[in-house]
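Input: structures, listed below.
In what comes next, subunit A is part of two complexes: it sits with subunit B in the first one and with subunit C in the second one.
Up next is the complex of A and B:
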């Protein structure tokens, strides 16, 4: 009887009218130029010291190797360095510049850097008050006393959220490309990027490595970022259903995300930490071939963990939302 | 005392149901509904019916369970036991069909402040099948909001929000309109306008369910009333018959009170109401200091006046006072505490 389309439209209109998405765009418009400027400074200083990127890369490899022979560096770091050296060597051997300055490379770097904290933060800005916001202002009462089943209302909110998360990633990519292009030029789509490094301990297995054009790499990467972002969105929706105050729901989610990124940085020997969702957010690392924070993690594992958390969050959200008494 | 009122009330319920035309359609039926929240019983097995086209008052002091009941009527919370039907549809089992016939404002009329009144109405119109732009225009006109409808809701006064809330509730042409304490925060002029508006809706065949803690309000607005106290409905009936069930008083203010009192006492048609039984509003007694309260058939009043003046007793005032719903309510809730 009641189709879901008008409901999705309602939810989309509400997020838009709340000007949440405009805030997100404003944040991007401030941050991307800042990073572009920083990147430009780095390129300029590199250009002063090295006439050729090959020399620069060789220098970096030598630096890392020197560090490897040092006594004072912890073994954990050395492992990262060893892997990085092998990968840089691979790029050098195949005569491909891994950091060629152009807008697409910048976009790739920006997405890579923002997947664990920045993108989740922007997702929270949209997702955290979808339900709790309507409860604290009291409009939830109006919404739920209309002749529509509760699960349809929550589903429409979830679909609207999915739309906004997708739009958010698209906007991030487009804005990075457009803004960085002003400085670095708009080329770089077809540059090759190597993917398929397999890390075993501190050895890199490069038998499966193959070059892909950078546009394709960016596409794959954005897909992975989308999966991370949607996991955050599902969890934020759940917290928003469970917690009445929007502030509390943002704090809860941020705490979980930051905890995860600290845990991954600790490269912990606490192995079961790998089942925590926020340790698995950096899916793009698997594409680049960086070592995972905890042994035994790989792309499929992380996808499964994120999927499990997302689906559980949705089940909890829908169960609680359709059953709970609206007392305020 | 307690027994008498309780019996009277039960009689009122029964006769109310029996004597009213039985064919009157029931649009809202609450049957033995109970609600426990956190182990406390908030609502204790309440039952009542609301008929088509009537204004039904839901009267009780704050904290008696009015809002909890209303939330159950509109499926915001689920009853622990019991059933609620709207136009024959079970609210819990068939909410899509039941809620289609209800328009409501629960507590305050909260709308999206960051959207205009019109956008809010569009939003709620999309949630129900068959509401077009024409209908939105219609309800805007009904509540007289044409001038401000395209302003953001956060700029509205409480009165405006109230109107917008009612407009929203009317969108789906409901059979029952539920208003929770609708006069809260309105000025006297606004209250009067609301009363006239509610009456006109009822005349068009809509049923209205209005909660209030003010007895005068219910008495002015409603046809029938359910009185709730501590989660129990202690009376359901016609407002008029509940009021007239208590005999009206005749107050005599006499020059020469003692002689007058003797004369009144001597008359077999007159009963003097002792002070402790008297239930009158202070605003009435303050105007008639020293008045003697009696109950008597009103055809005897004229002969009594003649008798008094023949006996040389000056009559300063004679006043007939109907006990208000408030007095009725006081006796009932007092009975409650005695139990």
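Up next is the complex of A and C:
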């Protein structure tokens, strides 16, 4: 323990000095205002046509119901619509606005939308060159000549990565809250959000539904996003150990993530796709009660899949890193 | 090196705290999803129910709500306006006031009993009706021409209606009679519900027409349609704020001009003819 603290400290400061994290913040600072602006446009046009959110929600429900009776819409979509209708109806019946415009709701939506692609991308920005970067610059040999066991070096990198993943999520939440608050106001922490919808086929069982305050919901959600992000971090670490160039390691990981999001959008017929990690990244769906991309998936299943991939990745990383020759 | 220490302490501390926070969040989420304990029933606060706030401004704007089936939805209008949006425009010209379509809550294939169910249970429907100054409605076509009870039960597809209407020749007179008695009863309930929710609104019910007037074998359907309209009028005339607007005559001589390609729903022109009628009927 004594000898690992300085190593972690060293790695943490090193990542910071490489200015990767500043890039992440810059990306957030550009993207969040863009989304805030888009969201503002939507709510402005809604306010123009609807005086009351209840009427607006009712209209949305009716529009969905009309789509349900259309022959051209695939059965798969109809299932999503049917579930969405039942959930919206629940909100309406309980007089709770599911998307009241405020910074917390925006943050919630932003995290929800970015869990499958955007957050992983940011994680990759930090994780991808942790090992491969040291190789291409040649500093790896310097590091390994120190009288420290190799596994400790990789462990310190992994812990530093964990710290940065948390910092990254915290920054995302704080920035989107602060920026969206300028437009939508900083309230909304205590608004009720319903959770506990259980989806059976295309029916929603709302017997377990209960309200939680929005801050609690956001906390739970970020916790789930953190698990997804950590899985990505573990895999990225592995790829970074295996592949020599940083670019190749980013491309490999991105390809896997994008493939997963395409798969989860289109393939419920290919059932074994549910064992792929990137199909399971959207853990927040289980909180909101959205139907999973493939039948038979639930929170525990997804956690098991993600956990399996993460642990395997770590085992591979440590085995390879401690055994391989550092040639170049 | 002091700066390095400070940097490390800051990053390390914030990250560690947020890691713990997220782990807590994850734990709570896990517990909440797998074994939700907090099942205290949620009581909605009805504070905003009556206070729609528009109060004084309300008289400045005429608020319209549309209810009903595919006709109100505007199916068949290539411009997507239907009679609802066209009547709103005409009303603006007529009253020289802003007219606002609050909601078009029409659902393809809707029957009167389904509408009653929504008007009884759906808060959104009740709210939309209660805040309207003018309510436009078409309903009953799917009740009347549904040729076996329970057939359209599943989703109330619009296609069902067209199919059954297309075979209305096969729909025996007895069945039609039965449908009519049942349908008028349902519609009576609809009318009562509307009056109960909002007794002040002006309600315009658009009467049925026979889309198969030009088909020799099906021309007699017009008599049934007319009988429906007569019975509905008997219900509607009890309330002085409600109107029945006839449309059957429009679709006799001009049937090819006014019907869309599905030979069932009106086209854009057909809907404008209906819209004109509606606005004429309003005081």
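The working rule: the second predicted complex is superposed on the first by the 325 of 328 C-alpha atoms of A that agree within 3 Å, B and C clash if a C-alpha of one lies under 4 Å from a C-alpha of the other, contacts with A are read in each partner's own complex, and residues count from 1 in each chain.
Throughout what follows, contacts are C-beta pairs under 8 Å (C-beta built on N, C-alpha and C of every residue); 3 or more make two chains touch, one makes a residue touch a chain.
These figures come from a predicted structure and were not determined experimentally.
A.B. asks: Kindly say whether there is room for both subunit B and subunit C on subunit A in the superposition, answering fit or clash.
C.D. replies: fit
A.B. asks: Of the two partner chains, subunit B (first) and subunit C (second), which one does A:325 touch, if any: first, second, both, or neither?
C.D. replies: first
A.B. asks: Counting only touches as set out at the top, which of subunit B and subunit C does A:210 meet: first, second, both, neither?
C.D. replies: A:210 sits against subunit C, while subunit B stays out of touch.
A.B. asks: Should A:9 be classified as contacting the first partner (subunit B), the second (subunit C), both, or neither?
C.D. replies: Once the two structures are laid over each other on A, A:9 reaches both partners.
A.B. asks: Quick check for you: in the superposed arrangement, does A:148 touch first (subunit B), second (subunit C), both or neither?
C.D. replies: first
A.B. asks: Based on the superposed arrangement, let me know which partner A:297 touches: subunit B (first), subunit C (second), both, or neither?
C.D. replies: Neither partner.
A.B. asks: Between subunit B and subunit C, which one contacts more residues of subunit A in the superposed model?
C.D. replies: For subunit A, the partner with the higher number of touched residues is C.
A.B. asks: Specify the angle subtended at the CA centre of subunit A by the CA centres of subunit B and subunit C, expressed in degrees to the nearest 10.
C.D. replies: That angle rounds to 160 degrees.
A.B. asks: Looking at A:137 after the superposition, I want to know if it touches subunit B, subunit C, both of them or none. Which is it: first, second, both, neither?
C.D. replies: first
A.B. asks: Is A:94 touching the first partner subunit B, the second partner subunit C, both, or neither of them?
C.D. replies: In the superposition, A:94 touches subunit C alone.
A.B. asks: Give one of first, second, both or neither to describe whether A:59 is in contact with subunit B, with subunit C, with both, or with none.
C.D. replies: second
A.B. asks: Of all C-alpha distances between subunit B and subunit C after superposition, which is the least, in Å?
C.D. replies: The answer for the closest subunit B-subunit C C-alpha pair is 8 Å.
A.B. asks: Using the superposition on A, tell me which residues of subunit A are in contact with subunit B and, in the other complex, with subunit C.
C.D. replies: 9, 13
A.B. asks: Within their complex, state which residues of subunit C touch subunit A.
C.D. replies: Contact set of subunit C toward subunit A: 4, 7-8, 11-12, 14-16, 18-19, 21-30, 32-34, 36, 38-40, 42, 44-46, 48-49, 52, 54, 73, 102-109, 122-125, 127-128, 131, 155-159.
A.B. asks: Using the touch definition up top, name the residues of subunit B that touch subunit A in the complex.
C.D. replies: It comes out as residues 37, 71, 74-78, 95-100, 102, 104, 106-108, 110-115, 119, 123-124, 126-129, 168, 172.
A.B. asks: Can you check the complex and tell me which residues of subunit A touch subunit C?
C.D. replies: My answer: residues 8-9, 12-13, 16, 50-52, 54-55, 57-59, 61-62, 65-66, 68-71, 89, 92-96, 162-164, 166-167, 169-170, 192, 194-196, 208, 210-212, 216, 219-227, 286-287, 299-300, 303.
A.B. asks: Please name which positions on subunit A make contact with subunit B in the complex.
C.D. replies: Interface residues on subunit A, with respect to subunit B: 1-2, 6-7, 9-10, 13-14, 17-19, 137-139, 141-149, 325-327.
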